[in-house]
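Next, two complexes with chain A in common: one pairs it with chain B, the other with chain C.
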Partner chain A sequence: MAALLVSPTLLVLGLVIAYPVLSALYTSLFTAPGIDPKTGFVEDGDSFAGLDNFTSIFSAAGDRFWNAFWNTSFLTLTSVALETIIGLGMALIMHQALRGRAWVRASILVPWAIPTAISALLWRWIFDTEGIANTIINTEVLWTTEGFQAQVAVIIAEVWKTAPFVGLLTLAGLQIISEEVYEAARVDGAGPVRRLWSITLPLVKPALLVAVLFRLLDALRMFDLPYILIGPGKESVETLSMLAQDEAANVRFGPASAYAVVLFLYVFLIAFAFIKLLGADLLGDRQSGNGKPGARKRLSLMPGNGRGQQKEATA
Partner chain B sequence: MTGTTPTATSEAPASPSAPASPAPAPGTGARPRPAGNPWATGFKYAGVIAVAAWCLAPFYWMLVGSLRRSDDVFATSLWPSPMSLSNYRGVLDPSQGFVRSLVNSLVVAGSTTVLALIVGIATAYALARLDFRFKRLVLTGIIATSMFPVVAIAIPLLKLFVGFGWINTYQALVVPSMSFALPLAVWNLTAFFRQMPLELEESARVDGCSRGQAFRKVILPLAAPGVFTTAILTFVMAWNEFLIAVSMTNKQSMMTAPVAVSKFTGATEFVQPHGSQMAAGVLVTIPLVILVLFFQRRIVAGLTAGAVK
Partner chain C sequence: MSAIERRLLRCTAVTAALTLVGGCGLGASSVESGVSAKERGPITYVAGKDTSGVVPKLIKRWNDRNPGEKVTFIELPEDADAQRQQMIQNAQLKTDTYTVLSLDAVWTAEFAANRWIDEIPESSFPFDKTLGPINGTVAYRGKWFAMPYTSDGALLYYRKDLLEKANVEPPKTQDEMREVCGKVLKKQPGMSCYGGQFEKYEGLTVNFSEAVNSAGGQVTDAKGNPHLDTPEAKRGLDNLIKGFRDGTMPKNGITMMEETGRRAFEKGRLLFYRNWPYQYAVSNTKAKTNKVVNKFGVAPIPGEKGTGASSLGGHNLALANTARNKATALDFMRYMTSDEGARMRLTKASQAPVFTKLYDDPKLAGQFPWLPVLKKSIVGAEPRPRVVRYGDSTKVIQDEAYAALTGKKSSEAALKSMQKELNALKP
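Up next is the complex of A and B:
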C-alpha cells in the first residue's frame, strides 16, 4: 500500500534527480567532445579521460574554477551572514509589532515573490552609473563592471531579497516561545538585553538554524542574480553554477559535469557539517515547543498547532 | 486593541496562566513594563516602518520607473511626472514577443504545479499517515533532493534533451522543474496531512469507508486549503525559475517570461532598455504580488511549515 503510494514520487525523483546526478558523474569522466559541424550538436563517442577533468582543476587550467569557487564561497558567506543578522532583526521587530502585523507580513513576502531574474534587472537599473544608488550616495561608481563593487552590488541585491525570508522563518520560531518564560525571567529581574541573549536567542536558535541552512544551500547554487545583474563570464562574480552552465552551453559537457559534481559535493559537505556540528533539525524531531497561551492571532501562523499530534504520527 | 498600550493588554492573558513560575515577590509585579513607555512604542512603529520600507521601496521604485517616459528613466522624483504608459505599450506590442513568453511561463509553471501535486499527494499522505519501512529514509531523501544544485541536474538533462531533440519544448522545461517542485510539494503536503486529526479518518472508516474512500471523501476535501497553499508555493517557485529556462531554450518564442525580460533589447534604441524592463518586470511580478496579498497567511504558513515543524 505504502509502496504503491510512494513509488510514483520516487520514480519521478529518480528520473529527474538520480539519473542526472549519476549521468553527471559518468560524463565528468570524459573529455570535452568535438562538435559535429553539420548539426552543431555533440558528436558521439567522447573520449574517456578518467579523472582528468578533476585533476585539471589543480593545474593551471583550474584558475577559472578556483576563482568561481572562491566567489561562490565569498558571496555565500557574506550574504548569508548579513541576511541572518538583518533577518533576525526584522523578526524581532515584527514580533514586537503592535498593529499592522498583517501588512508587514504581506510586504515582507514581496521581495520573496519577485522573481530573482526581475530583481536582478531592477538592481541593475538601480546600480546603473546614472542610477538612483549613485545619486543617493553621490558617487559615480561603475557598479556593474568587473571588480569588488560588482560583488557588493550582488550581495546587496541578494540580501535585500532574502533577509525578509530569513525574518519570516525566524518570526515563526519566535512565536512558539512561551510568554511564560519571559514572565519568569522578568520576575527574576532579567532586563531586556539579558532576556534577548538568554531566552530569545537560545530558544529561536532551532528555527534560525534551519533558515540559515536553507539560505546557505540556496546561496551556494547562486546563478540568476550575478548572471543578470553583472553578466555571464565576469571574473569577479562568476559562481560555480555559472561556470558549469557556461561550459555546458558551449557543449563542453565533460568539464561542466565535473564542476557540477564538485559543487554538488561542496553543497553536500556544507549541509552535512551544518547538521552535524550545529544540530540543525530538518525533520522536525526536536522537542515540540509550547503553544503560547496569551497569543490570539499569532497562533494562526501555525495551522492547527498540531505539533503534539505530529509527534505521535511520526513515532 | 486599545490605543496606546496594546502590548500590555496582549500580555495580560498570559500572566494569570503562569502557575509554574514562582509567586512574584511583592513589588516586582508593579514594575513598569517597558512596553508601556511611549518611546518604546515609537521605536516599535519606526521599526515596523523600516522593515516595510526595506521590502517595498525597491519594488515601488520599479513601479515608478516603469511609468516614466524612457527619456527620464533616471529621474529621481518620487512620483513619475509626466506619467507615461509608453513602456507598457512597447512591452505588450506583439512583435516584442513578451506576451508569448508570459503564456509560456503560465504553461510551464502551471503544468509543473499540477504534475507535482498529482504525483506528490499520494506520497505525502503515505508519509504522514502510514507506517512503513524506510519511511525516514524516504523523507530525508526527499528533503535532500530539494537542496540539490539545479545546475547539477540541468546539465545532464540538457545533454539528454539535446539528444531527444527536446530543446525549445515545454517538456524540456517542465521535467527538470519537477526536481525542485516535487520535493517541495511532498514536503508541504506531508506537513498539512499530519495536522489533520486522525479521528476524522478513523470515524469515516468505522462508518464503512475503505481507506481509499476515506482519503477521497474525507481527507482530500479537508486538505483542500493545504493543497491550495502548496499549489501557490510550487507555482511561485516554478514561475521564478531561471537556470533551467535559460539553458533549455534558445528560441525567443519558447522562452519563459523571466528569461525573455532578461534578454530584452527594448522597444527603443537604448543600450539598456531599463524602462521597458521595469514595465515587463512589473507585469511578471504583479500576479505574484496579488497572490501574496490575498493569501499571505497561507503562504506564510506553508513557507514556515518545513522550517518550524
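Up next is the complex of A and C:
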C-alpha cells in the first residue's frame, strides 16, 4: 500500500531526474561522426566511443577543462563566501527593523526575483567602459575583457543577486530563536558581540548551512551570468557549464554530455562532502537541528555548542 | 529501445512541447531530393526575427497568388546562434516542420556537409547575375546548396563635416587614414581615429579576416585550407596590433561590438568606424545622443596598399532535407530571391541586394547613397572561412586573434597555433 501511494512521486522523480541523468550518461558514450573526405558529407549515425569522451576531457582538452574547473571553483567559493556574510548581515538588519519590516523584506528580494539573464544585461551596462561603475571609481577599467577584473565583475553581480536569498533563509532561522535565550544571556551579563557569537550564530547555523549548501550547488552550475555579462569563450570566466554548452552548440552531444556528467559528479561530491563535514541537516533526521527543544538543549551546553561542534572536531 | 522508437519518443516530446506546425516525418529516406522535386503543397518559411515587416507582406502576396500552396512564416529568435540551434534540432529530429531556411552566409558548408539541406538545381537561380563573391557563400564542393538572398559588406563610416573642414578626401589606405587623423584629431579632443568590432565574438572573426585579406592574405581558401603561416597574414594581424598600440584605435576598442561602436561614433568619439550598411539609416535618425545626423559619409574600408577587402555577410535561402512539397519550396525560394523581392526588401528594409542590376540602378543609388560604395565593397570581398566545422573554426580564430590583440601572445605565435588548429579541424 505504501509503495502504491508514493509511486506517483517516484514516477515523477524518475521522469525528471533519473531519466535525464541516465540519458546523459548513455549519450556521453557516443561520439559525433566524422566527414567522409571523398564526398564531403558527414557519415551517418553516432558511433560508440566508450569512455573516449571522458579521457579526452582530461587529455586533449585538458587545459581548457582545468581552467574552467578552477574558474568554477574560484567563482563559487568567493561568491558564496561573500553572499553568506552579506546575507547574514541583511538577515540581522531585517530581524531588527520593526517598522516596515515586511516592506524591507519584500524589497530585498527584488534582485533574487530578476531572471539572471536580465540582471546580467543590467550589469553589462553598469560595467560598460563608459558605464556607471567606471564613472563612480573614476577610471577606465575594461571590465569585460579577459583578466581578473572580469572575475570581479561576475562575483559582484552574483553576490548582488543571491545574497538576498541567503538573507531570507537565515532570517527564517533567526525568527525561531526564542527571545528568552537572549534575556537569559543579558541577565548573565553577555554583551552584544558575545550574544552574536554564542547565541545567534550557533542557533542560526542549521538554517544558514542549508542556505549555503543551496547556493554552492547553484553556483557550481553557473552559466548565464559569465556568458552574458562577460561573453562566451573568455578564458578568465569560462565555467564547466559553458564548456558543455559550447560542445552541444557545435552538435557534439557526446562530449557535451561527458562534460555534464563530470560537472554532475563534481557538484554531487561537493554536496556530499559539505553534508558530511559540516553536518548540514538537510534530511531532517537529526531532531536537534531546528526547533525549540533542540535549541534549549544546546543552550545548556553553551558555549560548547553541542553536537554540531563535536561532529566538526571528529571530522 | 530501437532507434525508431527513440526518435518517435523525442519527436512527440518535442512537438508536444513546442506545439509546432506539422508532424514528425519518419520516412526521411523516402523524401525526394531538391534536384528532382515534384511534390506540391503547403510549406513553411523559417527565418530569424523579421524586424522590417517585409517578410509577411512578401508571403501574403505569394499566398494570394498560390492558394493551394500556402506558406506559413515560422519566426525564430533574433540571435543567430539560437536560429542555428533550432534549425539543427529540426534537422536532427527529421521532422518536416521546416521547409525553406534562411541561413547565415557562413553556415552553408556545415548544413550541406551534414545533409541538413538539399543540393539545388543550377537552373533554378540566375547565379551569373549576382555580384561575384556572393556565389562563394552558397556553394559547397562545387555544388549549389542555397540561393543568395541578401548580402552585406563592410563600409567605412567617416565624419564628412570634419574631413571637409580639414579639406581632405576620405582615405583609401590605412596609412592615409592615419595621416587624415593626424590632421583632424588635433582639434578634436576625446576623439579617436578608428574603430571596428574587436570584442571576442563573431565580429572579431570578421574584422580579423578583413585585416588579413586587406594585406593580401587569405584565412582559408575555397577548399577550407588555412593559409595563416604567410607573411601577408602576419602583416594583417600586425596592422591591427599596431592600431591598438599607437592609439589609432581607442583603448576600449577591444570591447566594441556593432552597436557599442555605433554609439561611440554618434557621440563623436570616433572619426572613422567600420560597420555594416544598416548603420546608415540609424545614424541619420535624430536622437539625443546622436551628433552625426547628415554629417557622415561612407567609403570602402581602407587596406594596406589600396582599398581593403571586406568580409561577406548576408543570408541565403536553402531547402531543408527532410521537408515535403519541395517543388513548391523551390518556386517560393525563386520568388523570394527574385528581382522583385530584392527591390522591395531594399526599399522597405534597407537590406542589401545580391543582384548587380540593382546596384547599377541610378534611381536606387540616389535613394541609397551607400549602394555604390557597398557594391565596391562586395566585389572586392572575401567570404569568411568556408568550413564545415565553422563554429569551432571561428572560436579558434577569436581565441588567437584576441590573445594577440591584448598582448598575451605574439602575432607569430597566435597565427602559428591558429594555422595548426584550423588544419586539425579539416575533414
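Following the convention adopted for this analysis, the second predicted complex is superposed on the first by the 257 of 315 C-alpha atoms of A that agree within 3 Å, B and C clash if a C-alpha of one lies under 4 Å from a C-alpha of the other, contacts with A are read in each partner's own complex, and residues count from 1 in each chain.
By our rule, a residue touches a chain if its C-beta (ideal position, glycine included) is under 8 Å from a C-beta of that chain, and two chains touch if they have at least 3 such contacts.
Given the structure is predicted, the values throughout are model-derived calculations rather than measurements.
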### Which of chain B and chain C A:K234 touches, first, second, both or neither
second
### Task
With the two complexes superposed on chain A, say which partner A:Q149 touches: chain B (first), chain C (second), both, or neither.
neither
### Partner chain in contact with A:A249 - chain B first, chain C second, else both or neither
both
### Touched partner set for A:S56, first chain B, second chain C, both or neither
neither
### Message
Quick one: is A:E140 in contact with chain B, with chain C, with both, or with neither? Answer first, second, both or neither.
### Response
second
### Message
Tell me the contact category for A:W123 with respect to chain B and chain C: first, second, both or neither.
### Response
first
### Summary
chain A contact set shared between chain B and chain C covers 41-42, 128, 130, 249
### Query
Touching chain C in the complex: which residues of chain A?
34-37, 40-42, 128-130, 140, 142, 144-146, 231-234, 246, 249-251
#### Entry: Residues on chain A engaged by chain B in the complex (per definition of touch)
1-3, 5-6, 8-10, 12-13, 15-17, 19-21, 23-24, 27, 41-42, 90, 93-94, 96-100, 102-126, 128, 130-132, 135, 160, 163-165, 167-169, 172-173, 176, 179-180, 183-184, 186-187, 189, 192, 207, 210-211, 214, 217, 220-221, 223-224, 227-228, 240-241, 244-245, 248-249, 253, 256-257, 260-261, 263-264, 267, 271, 282-284, 292-296, 300-304, 306-307, 309-310, 313-314
### Task
Show which residues of chain C lie in contact with chain A when the two form their complex.
81, 85, 88, 92, 112-115, 140-141, 199-201, 251-252, 254-255, 260, 388-389, 391-392, 395, 398-399, 402, 406, 408, 427
### Parts of chain B lying in touch with chain A, wherever the complex brings them together
1, 6-7, 10-15, 17-18, 20-22, 24-25, 28, 31, 34, 41, 44-45, 47-48, 50-52, 54-56, 58-59, 61-62, 65, 73-74, 76, 119-120, 122-123, 125-132, 135-136, 138-145, 147-160, 162, 175-176, 178-179, 182-183, 186, 192, 194-198, 211, 225-226, 236, 239-240, 242-243, 246-247, 257-259, 261-262, 272, 274, 277-278, 281, 284-285, 288-289, 291-293, 296-297, 299-301, 303-309
